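Structure, as structure tokens:
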């Protein structure tokens, strides 16, 4: 309790504007912040394009300085108005906010570090925070739940895919290593195997021998077949959550058991009537 | 009421032919229109092929003029016979009809605008209108419903994909920007990232450094994994709609059994009449 | 009755061997036929490989003649033993059998028609007939049912994809047509659009302008999103068929209504008891 | 009984450490083994990279010898402590263990066989054994069950894909064989067809003629459509297993309500005890 500052007066108000979105000013702040983030990313993009970067260098440099100063003010504002500044500074968003502000200042002293401004792209993630206020919250929550529930399954799947790629990549290196088709080392063969199994298929490395093409065809059909697995996992998880909606969240007033069906009258665990008053 | 013209006599008849498909003449009109649209698109295609376009230029030009005049007649017919001409002219199909007719006339005065005739391809969308009359209406309605119900989820997903591509594209620019592998600017790196994540993989830009290939492999596996998300969304939505159609939620007033089919008259469990009063 | 020959004695026996698989001889015939078909395809393949085709030309030619004669005998055997020869000759399999036998004979008189022997690959389709005898029949039937039930939906989907490709292909031709990136005509642009939307991505044609790459990125994300649609269709269809298994096939002895649930005691239509004796 | 040695004392203890993971030492052994396997694979990879392989050849050679000796000790340990040594030696993992140890010894006598060390990558499969101890066991079991249950369906599907590829590959050879676009033989055309149908699309072979591109577009759309099939199969299988786990088929002996959860003790409808006798 002693470490948290008591927000009073203007600080309380600023906190509401910056961190919440119930008031008109709070909503405005979020929308403007979103626009400035998008603008800052567009500027960084434009500068990386050679023809534009050289012509409008001064203009873009000035625009980036303005945005950097705006971000600095916002960063300081966030620290001042929050109850526990330290936990904000070392939070996920706090670190991103810091990293997207500091490179421009460093570039004053060290030449070449300027490209780090690109870290600003990470601020886009804040969009999700802002969107949380909107109607998408339910949808993205359901998406996240389905993904989180199937994380373990998807990890097992991805690990299997990587093991398969290491083994088949090694096999392809043994077969194609001699020829001139780009399989110059095992890591590169594994890279090729991932490119093929995921059906990306750049074509910068492609098997040239007959046996290599045969195995490549096998890998492709394998990849074509096992792409069904993550899809099946997420589909099933999604359907399951849908059905869960028909399972309600009340607990039995007698034994506390949860997960009753929507139309349940009695607890499936102890037989107690659920809707007594 | 004062603004809508009363269709009488031939106008009424023409309206039926052009806008409806209950009569024999109306059906014929739709089929002929479809054929002319397809023909006009084939002519535009053929003209764009150099060897054919140069040889048969005069023939194709004449054919396009005939089709343009037919479309003009149809366009005028639609305006005359509809009750509210203005709302047709500024409707989606009205604008498309206008845009697919006018470029040929403009090309008389301004050279080079001829390619705009290609806008005619948009008329193909009318096929859906015509097909509405056929047995596909139920199927495409169900498709549309499932897509519309999952629009919000798919938008959240696509937005996430774009944010991921911006961030990873920027990272790849920082890594591969120096080498000679095509990552010349951030927008181009983002383009590459989309090409990779969606498993298209042209190969016109491909990472050359070891770290770049490692991250590319990561992006591919990511793309391979998250392709499951939209699929899962649409699958679940589809299944949900299926279930909605077939099983209703009423319980038997006698025994309380649930899960009756929509058209059930009697309880499948005890034989009691379900709809007694 | 007058047109169908009565099979007696050896003809009856031959018919059983060729067309049925209940007897030992019938099974043997099917297995041998399958082996010869596969052999014949391997020979055709080998001959197309230049280094092998030139070296072993005489050997392969002799082997193909032997197989052609075997196929001819089988073809004649099928005609003789079947009850309605004409309906066999003009059936799907009858035409394939004829087409896979005749090219070798024609090649005696006309040089260059020899490559038509490749039509023999179509005989592989007979494998499905032979497999019908095996345990896969149930599985492939369920697959076919699910596909057939969703044919209309998939056709609507594919038609939409083709319309999208025609429109976007035309747009890309207008944008990239001037540059040197391979978009030389509208049909070729449409081809590129299909290559991109289906996430194949050869890279033989790839957009070079900024606007072109932007639209290409849009097409890719579109393709990545809508691949969910056919998957969703087939998934839902499959699940539905699974559930159908729990719907039994008995008809009500009173009113004849079908589609009762497995645990139904009374007809949902008329309330009659289903299991009376 | 006479052929199985009785493990006593240290042998019993070693068996527990090597084969089981209930004790602390057993867990440690598994973790260390996993690390050594991963290390050995990294060394093999590094050696295949030319720049590293030449520079650190001696160091890597020593490291590989140490790992080979460790593996040898482990292999001998496994033989000594297991009850039936022969059934281990000729088991799947026994053969892999042997194959990943022996090449290094052979390379002392025969030059060039060294690359066979890459077989060591197969030992990664042991990871699954070790993971069996972890929380992933349930997930991977469910994955395996779903895959095993749909094996027959997936095989029918893959066989169909291969037949389609053979037929379409042959057709493409007849069309593109004359031109200079890489369709030099039927096997190569089939390889191209698999590359295209699975949406990998290297671009090393790509159709050049108009008809070839038309058929290629058809193949792509086909591949885009039928990728839904394996996905649908696995999705449906997964959902089915989900349902199997959670809802049982018993009816309440009192009111006849169905759809009770597996762990239900009392009817959710009337509160009657479900398992009365």
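In order of appearance the chains are A, B, C and D, and numbering begins at 1 in each one.
Everything below uses one rule, namely that contacts are C-beta pairs under 8 Å (C-beta built on N, C-alpha and C of every residue); 3 or more make two chains touch, one makes a residue touch a chain.
These figures come from a predicted structure and were not determined experimentally.
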item: Chain whose mean Cα position lies farthest from subunit A; value: C
item: Type of subunit A:subunit D copy interface by residue overlap (half), same or different; value: different
item: Gap in Å, rounded to a whole number, between the CA centres of subunit B and subunit A; value: 30
item: Chain centre separation in whole Å, for subunit D relative to subunit B (CA means); value: 40
item: Contacts with two or more other chains, residues of subunit C listed in rising order; value: 157, 187, 190, 199-203, 227, 231-233, 235, 239, 263
item: Touching residues on subunit C, where the partner in the complex is subunit A; value: 199-203, 231, 235
item: Residue numbers on subunit D that touch subunit A, as the complex places them; value: 41, 44-45, 48-50, 115-116, 118, 121-122, 124-125, 127, 135-136, 139-140, 142-143, 146-147, 154, 157-158, 161-162, 187-188, 190-191, 194-195, 197-204, 227, 230-235, 237-239, 242, 259-261, 263-273
item: Subunit B-facing residues of subunit C, complex; value: 152-153, 155-157, 159, 163, 166-167, 170-171, 173-174, 177, 184-187, 190, 196, 199-203, 206, 210, 213-214, 216-217, 220-221, 223-225, 227-229, 231-233, 235-236, 239-240, 259-261, 263-273
